[in-house]
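Shown next, in structure tokens, is the structure this report addresses.
Letters A, B, C, D, E and F mark the chains as written, and numbering starts fresh at 1 in each.
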Amino acid sequence: MSIATAFEIMLAAVLLGLGIWTIVVRETFSATVGFVAYGLLVALIWVRLDAADVALTEAAIGGGLSGVLLLGAAARLRDAEPMAEAAPGKLLRATAAALSVLTTATLAGTVLLLPDPAPSLAPASVANAWATGLSNPVTNVLMAFRAMDTMLEKVVLVLAIVGVWSLAPDSAWGGRPGPRHRADPYGVLAFLARLLSPVGIVVGIYVFWTGANHPGGAFQGGAILASMWLLATMAGLADAPPVSSRPLRLILVAGSGLFLIVGLAGLLFGAAFLSYAPALAKPLILGIEVAMVLTIATTLGLLLSGAPERSAEPWAP
Amino acid sequence: MGTVTVFGLCAAAVVGLGLYGVIANPQPLRKIIAFNLLGSGVFLLFGVIGRRGAVAGIGSDPVPQALVITGVVVAFSATALAIALLLRLFDTAGPATLDSDAPTRPRPDRFGG
Amino acid sequence: MSLVRDMISIAAVSAGAFFFLAGTVGLLRFPDTLTRLHALTKADNLGLGLVVLGLLPQADSLRDALKLVSIWLLGLLAGATVSQLIARAARQGGSIR
Amino acid sequence: MRAHVAARVSVASRAAWFLCLWLVLAGATLDDVPAAATAVGAATWTSLRFLAPGSSRLSPRALGRLVLLFLYHSIVAGADVARRALDPRLPLRPGFVAYPTGLPPGPRRNVFATLTSLLPGTVPAGDQNAQIFYHCLDVERPVIAELAAEEEALVRALYND
Amino acid sequence: MPAPATLLATTADGHLLVLSIVVPVAGVLLSFVLSERYVRQIALAVMPVGAAIAMAILLALPRGDGFIVYLLGAWSPPLGVALRADGLSAVMLAATAIIICAVGVYAAADSPPAAGSRRVPFAFWVLLMAIWAALNTIFVGGDLFTLYVALELLTFAAVPLVSLEGRADTLRAALRYLLFALVGSVFYLMGTALLYGLYGTLDILLLSHRVSAEPGVLIAAALMTSGLLAKTALFPLHLWLPPAHAGAPAAASAILSGLVVKGSFFILLRLWFDVLLALPGFAAAQILATLGAGAIVVGSIVALRQDRLKLLVAYSTLAQIGYLFLLFPLALDGQGRLDTGPALAGGLIQAISHATAKAAMFMAVGSIYAGLGHDRITGIGGTARALPLSVMTFALAGFALMGLQPGGASLAKELLLLETARTGQWWWAGALQFGGMFTAAYVLLVLVHALSPPDQPVALAARPRRGSDLAALALALCSLLLGLLPWQPYLPIPYALESKLFGVESLVKSLITVLGGTALAILLSPWPHPLVGTMAWKDLARVLGPFRRAGLGLGGLVERGDRVLRQWPVAGICMLAVTVLLAASMFGAD
Amino acid sequence: MTEFLTAAVGFILAMLALGLVSILRGPGDADRVMATQLIGTGGIAALLLLGTVAGVPAAVDVALTLALLATFASIAFVKKGLSRFEADGTASTENE
């Protein structure tokens, strides 16, 4: 066994340990912390699997946003803990465990017995990269070869926003989402937000921009930008806009909308829906990605803010 | 034993853990977390499959990577929606459980304990 | 030349690993939240710093080296502020006193 | 008029910092100009909005001393904590110390607190009026004197107005 | 299925497929931006356009050899993603367009919308268009991962519809629905991962040529199938359906019950009839149909015991979903493999027939609820006179559903019965007949209550809404006339069948269904019968007494069992068990 | 060199695991939240080493992202975790 394999086994073991902790620990808050730690660590595995694009995604999501979302919910729900229903009986738990183990074993067996050599679309995606002028193969798959999935996924984000907003009480409809965060303007949190947000903005835009040719991309960059906005919000330096704001809504559909328009242009003037003329491909894709990064950052930030809770009173810092 | 084997087994185990948690953890928030774990296991499965498809110059088949990124976005929005629902339920009805029925019906008897 | 660089790397990374060890031992042995917080942020940030120092000779360019240093600075800022936040929380929450 | 110039200088210096960060991250390529401009612009704007430009002058020499002091302190800090952790007798006398600071509440005090959180065995755990409460691993060490030295170096480096 | 070469290039009318997705998506985005004031107008503008596109596809399909293909971005699979429409897609597209339009008219005529709330109409219209986009993507998607995204789009659009009214029970129903559906999608995604690992493509057509019965494929098939079953709410994975469908506003329930569950069902058909043709399907098909039969029995019996009309209709959906799964064993050919024959056609027609009828039914029930201010079955006496249109809609939809001529359900039943004879699986014929009788039972139960004279004069809480009621009635009529449509260009239907629709034989069959239904209703429904007190009832009661007691005992037992199955941990275990069972059955056959 | 660095990652990972065992046990929530900080620092170090070992330059970007975001869990904790003691988290904490 090589030292690399030993390291990988250990990495997997630590990860599984955190997973087990997340599932079996009694207290919800501890489980949540365990999962956040898991989310941070899983980025390592993705690097090890040579999937840096995914590693960045997991780091941005698992590191920042999931933690805030889940820990916030855990803190708000913790009063409910003692009153929550009892765990299912021993028999049920044993059955569930047995069936889960069986699933794991079957899945493991299947994965280990996959055919060799493995089928791969990597050569095809490299061979066709000329069509976009971008050299990050993952971005090419997302933006060109499987553009339809990416576009529909952006519509999913719009629907998630509609879903979250639809939970607002009627009186707060059109108002600002979530509770207003207040913090000492001279506190540590505000200090961190003042220093870190601008740095995070540079990093977010860098991660987005580098995605054309290196690992990175609109989603990863957008997630980082959203985190910075969230930091400023939690530190009381910024506030969520009212959901009835027209510019806000325009930004929220900018990504999918521009994608759709470019796609339709391809249908009318080019080879097909969602095709790009080779000469224009790179600027078009970058343009869509610029819109997408704005959309994603805003969407993720608003998803974390939750349903509108306050009427749209003007905000005074 | 190589990268693919180790992380393939790891992915399968994470899937099993997530499944058990989704079924057996009683609190809705725990179910949501377990669902995330389950999803993460499936994404790792994609990652392992992508790694198997490595060719000279590319360490991992980009198509599964792209699928995972799309999947992560969807899973995260689902989590956010679920948490928003859960918090709203908590605000309206207090301590939230999933296993009570429509209000016209009495609470069902527990099964198996 | 390359040997010198490797020696520096090995020395610094080993020292970094030592501080990670010390931090972990502190986490295991220190009695309460606030003392463990010392162990966590102090030793670990130094550990990270030394690892970064050890990787500097291996970096391909000045830019890569500066990138490593800026990651360490970010880590320091994060560690320093988080330790203050948690210390306040622990003091307020009454888990000490 | 002088304030106007000072503000401009402050804007330029922040933009320069963010540009440096961008160059470190992405390198210098002509293709990157639009992204770099956007990033630097957005970061500078945010930074100015969140943190009004200060009026103080930097003293490069004092700053260099501060950096050295800081590096020295972080190493001592780490070594001290490591020594205590690994010592079989576990020599800890934890407790709180109130340090009277001359810095006003706000960024200056934050900077000071953040820097001193890297001092041996001290973590700031809140402040009130002109006092910062430090949690120490060993309350019998001359913590207050060390903190005062640090404060003086900081004021000399950054806030000599 | 034709050779891949002909289906790996865009065909003449391919852009229609793109438009069928793009138009509702554009509607969603536009109304999101233009906000509450214009959302209804946009939706009402999108509907005719979308319907026209669906009809154009319907007309274009026979011209193009029965297939329309479009390569997105001009990239051909396996790297790119293709859209493909066949006969199945075309009829589903058309049916969906019709139902969405009817529901749209129903909701638009319902003014003022939901008492001053701007939130509810905004969410409703946006989500309605999103559901349309998702369903169209499911019907024409040619790639398993695109189908996954579409499936999630469908879930994200459907869940908020459940909790639009914001009551605690609807929020709980929505959360339960969301979580269970998410677990379902993860199962589906797991199968997709395995298929990609095996064959390096997720394109349905390419897979259909590459898939062979290897262990990995069997496991992928089991995982994907049970994931889709969870999303379709096939018994015993139905925990989320009754509260979700009963708690939503009427127009939303119509969509959820009529259309949303058909999305995952359609993917299931695609999976089994296009991708997994090479698999030994015999045992798996028997399992699916057995679960379906279980759904019919449990869903119908529990429906008969509900005290609220909406819950009754929701449980009826459960039974009808089960009915759909009877097609699987009947589609087997001589070698025990699935074949796209009349059984598939019958199942699809049944799905469409249920979609139209159930949407109409929910809308009628919504009108009754709005009119009376409640929907207690025992309190709807006199409704037939007070709200004649709604009761008539309910009756017509019910007749269509129970298989009276010339409804789509009767055509479907004939087709499926034909296949039971051909394949010699007589036992499924019994299930088919019983399914019809059970449907008749709860439809008749409601009608008898609605037609009976009221205890006190009916005081309407709200005026009947003519436009809404007409939309529902039109949809019910649609369902009742489905059997007369020319299906041949799209679905394989033997010519001989249509002439049989109006014979004496079919009349007798209908009579048996109705009589059987009456008997089941009397035996299984616990509610005091409106005929109590008449002389004839007393005689009947003496004779039937013991039977009725037994029936009620059985019903109580089934209801308790249903409650146990609808607990979260039990349902989760059932899902894993179904997966294991499916995989084991296929391994056994291999 | 590669072996040495890989071994170093392994060692740091082992320390991480031990540290996790100690602080996840609690007793307080603040201890548990420190786990995320621990994983943050250790993870960054591991990523930087891994990136050098495997020649994956993007690992540095991943580490950068972690450095930027690893604090967020702790921030969310002090923001919301205190709400059961104080009416409004940090505000009241910081203005004692």
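Basically, a residue touches a chain if its C-beta (ideal position, glycine included) is under 8 Å from a C-beta of that chain, and two chains touch if they have at least 3 such contacts.
Here the structure is a predicted model, which is why all the values come from computation and not from measurement.
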item	value
Contacts common to chain C and chain E (chain labels)	A
Contacts common to chain A and chain C (chain labels)	D, F
Most widely separated chain from chain E, with each centre as the mean of CA atoms	D
Most contacted chain pair (by C-beta pair count)	A-B
Separation of chain C from chain D, taking each centre as the mean of its C-alpha atoms, in whole Å	17
For chain B paired with chain F, centre-to-centre distance based on mean C-alpha positions, whole Å	22
Between chain B and chain D, centroid-to-centroid distance (C-alpha), Å	41
Approximate Å spacing (C-alpha centroids) for the pair chain E, chain F	48
Chain B: positions in contact with at least two other chains	15, 19, 23-24, 32, 45, 49, 52-53, 59, 63, 67, 70, 74, 77-78, 81, 85-86, 88, 96-97, 99, 110-111
Junction residues of chain F - those touching two or more other chains	16, 29, 33, 38, 40, 56-57, 64, 68, 70-71, 75, 77-78, 81, 93-94
Multi-chain contact residues (two or more partners), chain E	79, 145, 149, 152, 156, 159-160, 163, 166, 171, 190, 194, 196-197, 200, 567, 569-570, 572-573, 576
Contact footprint of chain A on chain E as seen in their complex	10, 15, 18, 22, 25-26, 28-29, 32-33, 35, 70-75, 78-81, 116-119, 123, 126-127, 130, 133, 137, 145-146, 149-150, 152-153, 156-157, 159-160, 163-164, 166, 171, 190, 194, 196-201, 215-216, 219-220, 567, 569-570, 572-573, 576-577, 579-580, 583
Residue ranges of chain A in contact with chain F within the complex	3-4, 6-7, 10-11, 13-14, 17-18, 21, 25, 29-30, 33-34, 36-37, 40-41, 43-44, 46-48, 50, 52-53, 55-56, 59-60, 63-65, 67-68, 71-72, 75-76, 78-79, 181-184, 186-189, 192, 196, 199-200, 203, 207, 210, 214-216, 220, 224, 227, 230-231, 234, 236
In the complex with chain A, residue positions of chain F that touch it	3, 6-7, 9-10, 13-14, 16-17, 20, 24, 26, 29, 32-33, 35-36, 38-40, 43, 46-47, 50-51, 54, 56-59, 61-62, 64-66, 68-73, 75-81, 83-84, 88-91, 93-95
In the complex, chain C residues that touch chain D	18-19, 22-23, 25-26, 29-32, 34-35, 37-39, 41-43, 45-47, 49, 63, 66-67, 70, 76-77, 80-81, 83-84, 87-88, 90-92, 96
Residue numbers on chain E that touch chain B, as the complex places them	79, 145, 149, 152, 155-156, 159-160, 163, 166-169, 171-176, 178-179, 182-183, 186, 189-190, 192-194, 196-197, 200, 242-243, 246-247, 307-308, 311, 563-564, 566-570, 572-573, 576
